[in-house]
Amino acid sequence: MDVEILWFVLGLPLAGSLALALVGHRHVAMDVNVGFSVATFVAACVLTVQTVTGGPRLALGGAFWIDPLNAFLVTLTAFVGATTAIFSRPYMRVERDHGKMTAPRLRLYHSMYQLFGFTMLLALTTNNMGILWVAMEAATLTTVLLVSVYRTAASLEAAWKYFILCGVGIAQALFGTVLLYMAAERVVGPGGGSLLWTNLEAVKSQLDPRIVTIAFAFLFIGYGTKVGLVPVHNWLPDAHAEGPTPVSAVLSGLLLNVALYAILRCKVLTDAALDSHLAGQLMMGFGLLSVVAAAFLLTRQKDAKRMFAYSSVEHMGLMTFAFGLGGPIANYAGLLHMTVHSLIKSAIFFSVGHAAQKAGTQIMEEIRGLVHVSPMVGWGLMLGALAILGMPPFGVFASEFLIITSAMRQQPWATPFLLVALGVAFASVFGRVQPMVFGDTSLKRLGHRPAAIPVYVHLGLGLMLGLWVPPYLDAWYRQAARMIGG
Amino acid sequence: MSAWSVFAQVLEVLVALVLAPLLTGWVNQWRALLRNRRPPSVLQPYRLLHKLFVKDSVIAEHASPLFRMAPYVVFGCVTLACGVIPTLSTDLPMSVAADVIALVGLLALARVFIALAAMDVGTAFGTLGARREMLIGFLAEPALLMVLFSVSLISQTTSLATMVHTVTHRALAVYPGLPFAGVAFVMVSLAENARVPVDNPTTHLELTMIHEALILEYSGRHLALMEWAASLKLFAYSCIGLVLFFPWGVAPGPAPGALALALVALVAKLAVGGVALAVFESLSAKMRIFRVPEFLATAFLLAVIGLLVHTLTAA
Amino acid sequence: MAGFAFQLINVLGALLLLLAFAMISQRRILSLIHLYTLQGLALVVATTLVGHETGQPHLYLSALLTFALKVLLIPALLHRLIDRLDVRWDTETLINIPTTMLIGIGLVIFAFNLALPVAQLSASIARSSLGIALACVLLSFLMMIARAKAVPQVIGFLSMENGLFYAATAATYGMPMVVELGIALDVLIGVLILGVFMFQIREKFESLDIRHLETLKED
Amino acid sequence: MLAGPGSWLALDGVLLVIALWLLVGLVGVAALRRFRFVARVLFPIGGGLGLALAALALAAAFGRPQVAVLAIGLPGLPFHLRLDALSAWFLLVIGVASSGVSVFAAGYFRRGEGTPPGLLCLQYHVFLAAMAGVLIADDAYAFMVVWETMALSSFFLVTANHRIPEIRRAGYLYLLIAHIGAIGILMCFGVLQAGTGDYTFANMRAQHLSTGWASVAFGLAVFGFGAKAGLVPLHVWLPEAHPAAPSPVSALMSGVMLKTAVYGLLRVLFDLLDAPQWWWGALLLALGLASALMGVVYAAVQVEMKRLLAWSSIENIGLIVAGIGLATVFAAFRMQTLAALALTASLFHVATHALFKSLLFLSTGSVLHATSERNLGKLGGLIRSMPWVAWITLIGVLASAGLPPFGGFVSEWLLLQSFLFTTGLPHEVLNMLIPIVAALIALVAALAGYVMVKFFGVIFLGQPREEKLAHARDASRWERAGMLWLAIGSIALGLFPVQVIEVIDPVTRGLIGTGLGEAAARSGWLLAPTSVARASYAPLVFLLGGALGCGLAWVLVRRLYHGRVRRAPPWDCGYPWQTARMQDTAEGLGQPIRQIFEPLFRLERELPSPFDAQPRYRVVVQDPIWHAVYRPIGALVARVASLVGLLQQGRIAVYLMYSFVTLLALLVWVSR
C-alpha cells in the first residue's frame, strides 16, 4: 500500500516534468502544471496520514525512509508547490502577454518546475545520504535553469553565481559525505549500507569523533551555502530577485527548508558521535550572524524581492539558531518557524509578484498605494509583511516567542543581538512596505484578477498556527523535535 | 462638633469679611504716612466697595457668562479659604474639610478663574495680565506648598488646625528650618497679593501692572467683589503667616472667652503685620516683570532648603 | 605485491596533486583541458587498481564510468566549447601565479595536517590518500578563486570533482554504485548547462570575462 | 485557584463583552460603506458594551480572582485568563472611558475620511477588545498576542487617513517603538519563566529569581512598558501619533491605552516579581519626574492643541509612574501602609486622567470638525459659538489642572501626602531627595494649571482670531452625550474619593498586602488616608462651602443693591481700536515658560532685525531627545548597514573567497 503511494509522491512530479517537457508551451500547460502539483499534494497527504498512523518506516525496499521529520516537510513542500503552481497560472499568463515568456521558455519553466519538485521530494524521502546529496545538486541544476529563464543579463549573472557558488558549496558537502561514509564503514563494515540513514542512526554513537567533526564542518558549509547562512549566502538575494516570482517563492519556501533539513540530519549524527555541543554551537553562531547581518542588509534594499530574499536569510538564520539552541522547546519552535516562514514568505512573494507586474518594476519607491490599485494585493502584502516581522497573532510570532524566551535563559548573550536585529529588520521592512501599500498612487486599478486564493490561504494558515496548532501537527512537531534532540 | 464650634466658624468668616478691607485700608494709610502724604481714612476701602456696589456694572458686549460668573467664584473661594484657616479657634467644622494642600488648591482655583475671566473679553491687557498672573502663580504655588510642608513636617500633619495646635502646645523648641520657610513665605505672599516688589496695587501703568490688568474690564459690583476678594486674600495670607509662625493666642476650643481673647490677639497681630508690610513696601522698589521669576525662584529654593534643613536635623 | 600496488596508488595520488598544481600555474585554456584529462586518466587507473586490490567489482564499473565521463566526454565537450567560443587565448588571473603557488603549498601542508589523525585510523589501503584528496579539492578551489574567466573556473570546478572522486575511491572503497551514478549524472548535466550558459553569457556580454558579472551588489 | 461557579460570571461576562466587541467589528466590515448604520448603530452598541464591562468589573473588584482557560494558543500553552482586583480596576476604567468615547464617535466620524467606516469600526472595536484582553491575560503568550494586537489595531486607526505622509510617518514611528518595546517585554517574560518553559503567570509568581535576574526583568519591563506609556526618553512617538489619529482614537490611546502599560508595569513589578529593590523605585521615580516635568513644560509651549494634550499625557503618565516608584521604595523598606497610599494615588490618577484626558481630546475633535483648525493661533472665542463644548471642556480643564473639587486634585493630594510622610525612610540619601521630588511634583501640578489656562483660554475665550470661527457649529447630540458622560465621571471622582478608594482597596491589598479601605470607610465622607488629625479632605463639604460663599454673595448683592448690567465695547484702558490680533497668541502664552526653562528646549528662533522690510518672527521648539538619542541611533544603524553592505559587492571571486576562508577557519576551529 505505502509502496504505491510513495511511487505516486515521487512519480507524479517526474511524470509531470516529462509531460510538460512535451506540452509545456501550450495554453493548457499552466493547468496541467497545477493538476500535477495538486495531485502530488494529495498523494503527499495520504503518505503523511499513513506515517501518522503507521509511524516511521522504510519504503521501497529500504531505499526510502519516512519519519515524522521528513513526512511533515513532504506535505509542506507539496502544499507550497501546489499553491505556487496555482499562483503561477495568472502570473505566467501576464508574463506571456507582456512577451517576457516565450513558448520555449514556458515549456522549460513548467517542466523544470515539476522536476524541481521531484528533487525536493526525493531529497526529503530518501534513506541514503548520498542520494540526498545527489538530489540537492539536481535541485540546484533545475533552479539554475529556472532562475535564468528570462535570459536577461541580470538573470544570467544571478544564475551563474548561483550555480558556481552552490556547486562549490555542494561539493564540500560531498566531501563531508565521503568522510561520513568512511566513518560509518568502519562500524557498519564494507558494502553499500554505510550511507543509509537507518544504519547511521543505529550506529551513530560509535562513529569516530575525529572524522565526524571534520565531516560535519564540510557538510555544514556545504548545505549551509544552500540554506543561505552568512557569509556564504551571497547567491541567495540575486537568485531570488532575478528569477520569476513563483521561483523566488519556491526557493524561499522549499529549497532553503530542505537544505536545513539536510543539516539537521547531519547534526543528529554529529551530536551522538561527539556527545559535545559542537554542532549546536556552530549553528547558533552562524545563525545569529545571519540574523544580524541580514537585518542590517535589509535597511539598504530598493528592490522588493531582493529585500524579502534577505528577510529569508534572516529567518533561516533564526531557525538555525533555534536548532542550535536545541532542546524540545527550541526545536519545536524551529520546526514551527520553518512551516510558517514557508507559508508567509511565499504569500509575500505572490503579492509582491502581482504588485511588480502591475507597477512594471520591482523598485519599491515606484510602487505606491497598492490598496487603491488592488485591495487584495495591498492587504495581502501588508498582512504578510506584518506576519513575517513577527506580529502576533501570526505563527511567526509564536515561534519567535518560544525562541527568544528560551534563549533568554539558555544563551542570554545572544538576546541583545536578536533584539537589535529584529528591531532593525522591522524598521527597514515595514518602513518600505507601508508606503507601498498605503498612500496615493499613480497606477490604475489592477487589470487582471490576482491569484488571491494562494495568498490568503497561506496567510490564513499562518494565522491559524499562531492561535491554534492542530493536535496531529503538534504531535508531529513533538516527535520531530525529539528526534532532532540536542 | 458643638454649636459653639459652628458659631466660631461663622464668626471667623464674618470677622474675615469685615476685617479684610480694614487691613487694606490700614496698610494703605501707613504707606501714605511713610511717604509724608496725607493718609486716606482707614475706612476708605469700605466706601470704595459701597460705591462700586451702587454703580451699574458695565461689561463688554461680547463677554461670556464665564466673565460674569468669575467674581462670585473668586469671592466664594477666598471666603472659604478664610473659613478654613484657624485664625480664632483650632476647632472648626471646616478645618477638617481642607488641609493646607486643599487650601493652596482653593487659592489656585480662584487664580485660574481670574485669569480665564481676564482672557474672556480678549483685550491685549487682559491676556497679558492673565499670562503674568499664571506665571507668578505657577512659581508661587509650589513655594507656598514647600513652606507649608516644612511646617507640616514639624507637626507631622497637613491639617492646619493640628499644625497650629501642635506648634502652640509644645515646649518652645527652635526649628532651624523655620526661618527659611518664614522668609520664603513672606516673599510668596508679597507676590501673591500683588504687593510692591512684584506688583503695585495702585499703579495703572500698563507695562507693569498684573492684578489691575486682570480686572481691567470689570466695573460695578463685579469689580467690588474682585477688590473685596483681593483684600480677603491678603487677609488670608496674613492669617496663614500668623498662625504658622506666631500662633499664640489662637483659642484651643470654642469657649467664648477664649474666642474673644483670640480676636483681640488677631487684631493686634494684624495691625503689627500691616505696619511691617507697609514699611517693607515703602522701602523696596518695584522690580521689572522679568525679574519676578528669579524673585520667586529664590523663594522656592529657600523653602526647599528649609525643608532639607529640617530633614537633615530631624534625621 | 600488494604493498607495491598501494605505493602505486599513492603515487597516482601524488600525480593528481601535481596536476592540480600544474593547473594553477597553467595559463592556456587548451592545456588546462589536457591537464584535466590527465587527471581523469590518473583517477581511472587509481580506481582500477583499488578495485583490483580490494576485489570489489563495482569499482571497475566506476572506473569505466569515470573514463567515459572525464577522459572522453567532458574533455570533448570542453574542446568543442572553446572551439565554438574561440577562447583559446591565455587567461589572465586575479592573483598572480607565484603567489597562488605559495598559497597552494600552504594549503597542501594544512590539508595533510588536517587529514593526519583521520588517516591514521583509516582502515583503507591508502593512508595518505585522504590528505591528498583534500589538498586537491582545496587547490581547485583556489584555482576557481584565482581565475578571471568562465571556462577556467568551470575546469577548476570539475577538477574539484576529481579530487572528491579520488577521496571516495581511495579512502573508502568507492561510494555505493547508485550514488556514483547520481553524481556522474549531475556532473554531466552540470557541464552541459554550463556550456549553454557560456554561450548565453557570451552573447549578452560579448566576452566570458566574469568581471562583467558584477552588477548585482549592494551600492 | 479555581473559583466557584458563582463567581465565574464576571470573567465570562468580560469574555462575552470582548467577543461581542469583535462581533460588532465584523458586522462593521460586512456593512463596509453603509455609513449611517455603522456610525449610529454599531458605535453606540460598542459604547453600551463598554458600560456592561464597567459593571462587570465593579462586580468582580471585590470577589476572589477568577481564572479561565481558552482552547486557543500554543499547544501546551492555551490562553490563560485571570480576573483579579487589579485587572478589574483597569477594566472599570476602560469600560467607563470607552463608553463615552464610543458614543462620541457615533457622531464624530464623517464620510470620506480615509479608511471606509466599516473597516474603521472593525479596527476600533478590535482595539477595545485587545485592551480588555491585555488586562485579563494570565500567561505570557496570551499577553503578548493581545498586546501586539492592541498596538497593531491602534496603528491602523492612527493611520486611518493614510494619504497624508506625516500621518503615515507618525504611525510608522509609533508601531516601530511599540514593537521594539514588545520585544523587550517578551524578553522580560523570558527571564521571569526562569527556564521552566512554563509561561503562565502562575508559574512566574511561584519562581523566586536571584536579585540580578530580577533586576534584569525589571529593567526590561520598564523598557518595554515605558515605550508604550511614553516615558522619557521613549516618548517621541507620542506627540506624533496622538495628533495624527482621529480624535476618538487619540482619546482612547491617551486615556486608556497608556494605562494598559501602567497595568503591565504594576503586574510585573508587584505581582510577578517578589522582593522589589529600593533602587528600582528610585529609578521609576526619576523617570516619572523627568517625564512629568518635560511633558508639562513642552505642553506649555505647544501651538497645536492635540500636541499640547499629548505632551500633557506624558506629564500625567510621569506622575503616575512617580507614584508607583514611591510605592516601590516603600514596599522595598516594608512600609506597607505608605506604599499602599502612594499606589492608591497612582491608581486614582489612572482613573482621573483616563476620564479628563479623553474628554479633552474629544473636545478638540469637536473643535476640529467645527473649525477645521488645529492650530491654537487661529482659534479663539468659541465659547460663544459652541457653548456646549466649551462648558463641558471647562470641567475637563479644571480637573486636569488639578483643582479642587475635581478628580485631578484628589490624586495629586494623595500623591503629595505620600511624599510628605517619607521622612521615616531608613535611607539618608532618599530622605534628602524626597522633599525635592515633592517640590518638583508641586511645580508640575502648578504648571499643569498654566497649561490648561492656556489651552482653554486660547481656544474658547477672547475674540475669534479668524472670521470663519464666528459661525462654527456646536457639537452634535451624540458628541455632547459622550463628553457629558466623561465630564460627569471626572466630577464624581472628585466628589466621592472615599467610595473610589474603597474600590481601589482590594487592588492594593492584592499587590502590597494592605490598603486604605478601612481607614477610608472609618472616616466616612471625609477622605483621611491615615488619620483625621493628620490630613483630611472632604470635597463635598468643600463644594458646599464654596457654593454657599458664591450663592450668598450673589443673593446678597442683588438683595442689598441691584443686578443691573450695561453692555458696552471693551474698555481696555480706553483704547478703541482693539482687534483680535492683539490678543496673546499661543506662542505668547508659552513665552515665559520658554524663557524660564530654556535649557530644556531645542529652540530654532528667527528674530527680525529692526531694519527688516517685512519683519518675520518664527520660533520652533524641538525635542532635544530626538536629536540627542534617536538621530545618532539612526546614523549608527546606517553606518553599520553600509559596512555590512560591503559583504555583498558582486564579485564572484570574492564570494568564493568567503566560503573558502570560512571553510578553512571552520576546519581549524573544529580540529583544534
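Here the chain labels run A, B, C and D in written order, and each chain numbers its own residues starting at 1.
In this section, contacts are C-beta pairs under 8 Å (C-beta built on N, C-alpha and C of every residue); 3 or more make two chains touch, one makes a residue touch a chain.
Note that the structure is predicted; figures quoted are calculated from it, not measured.
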item	value
Furthest chain, CA centroid comparison against chain C	B
Chain B and chain C, separation of their C-alpha mean positions in angstrom	101
Chain centre separation in whole Å, for chain D relative to chain C (CA means)	70
Between chain A and chain B, centroid-to-centroid distance (C-alpha), Å	79
Interchain centroid distance [CA atoms averaged], chain A/chain D, Å	44
For chain C, residues contacting two or more additional chains	114, 117, 141, 144, 210, 213-216, 218
For chain A, residues contacting two or more additional chains	160-161, 164, 168, 214, 237, 297, 300
Multi-chain contact sites of chain B, meaning residues that touch two or more partners	none
Which pairs of chains touch, using the document's own definition	A-C, A-D, B-D, C-D
Touching residues (chain side chain C, partner chain D) in the complex	94, 110, 114, 117, 138, 141-142, 144-146, 148, 210-211, 213-218
In the complex with chain C, residue positions of chain D that touch it	645-653, 656-657, 660, 663-664, 667, 671
Contacting residues of chain B [partner chain D, same complex]	53-54, 56-62, 64, 66, 68, 72-73, 75-77, 79-80, 83, 93-94, 96-99, 101-102, 105-106, 108-109, 111-112, 115-116, 119-128, 130-132, 134-135, 137-139, 141-142, 145-146, 149, 152-153, 156-159, 162, 204, 206, 216-217, 219-221, 225, 290, 293, 300, 303-304, 307-308, 311-312, 314-315
Chain D - residues contacting chain A, complex	71-75, 140-141, 144-145, 147-149, 152, 159, 162-163, 165, 168, 171-172, 175-176, 179-180, 183-184, 186-187, 189-191, 193-195, 197, 199, 637-638, 640-642, 644-645, 647-648, 652, 655-656, 658-659, 662-663, 666-667, 669-671
Residues on chain A engaged by chain D in the complex (per definition of touch)	160-161, 164-165, 168-169, 172, 213-214, 216-218, 220-221, 225, 230-232, 234-235, 237, 278, 282, 293, 296-297, 299-300, 329, 386, 389-393, 397-398, 401-402, 404-410, 415, 418-419, 422-424, 426-427, 430-431, 434-435, 438-440, 466-469, 471, 474, 477
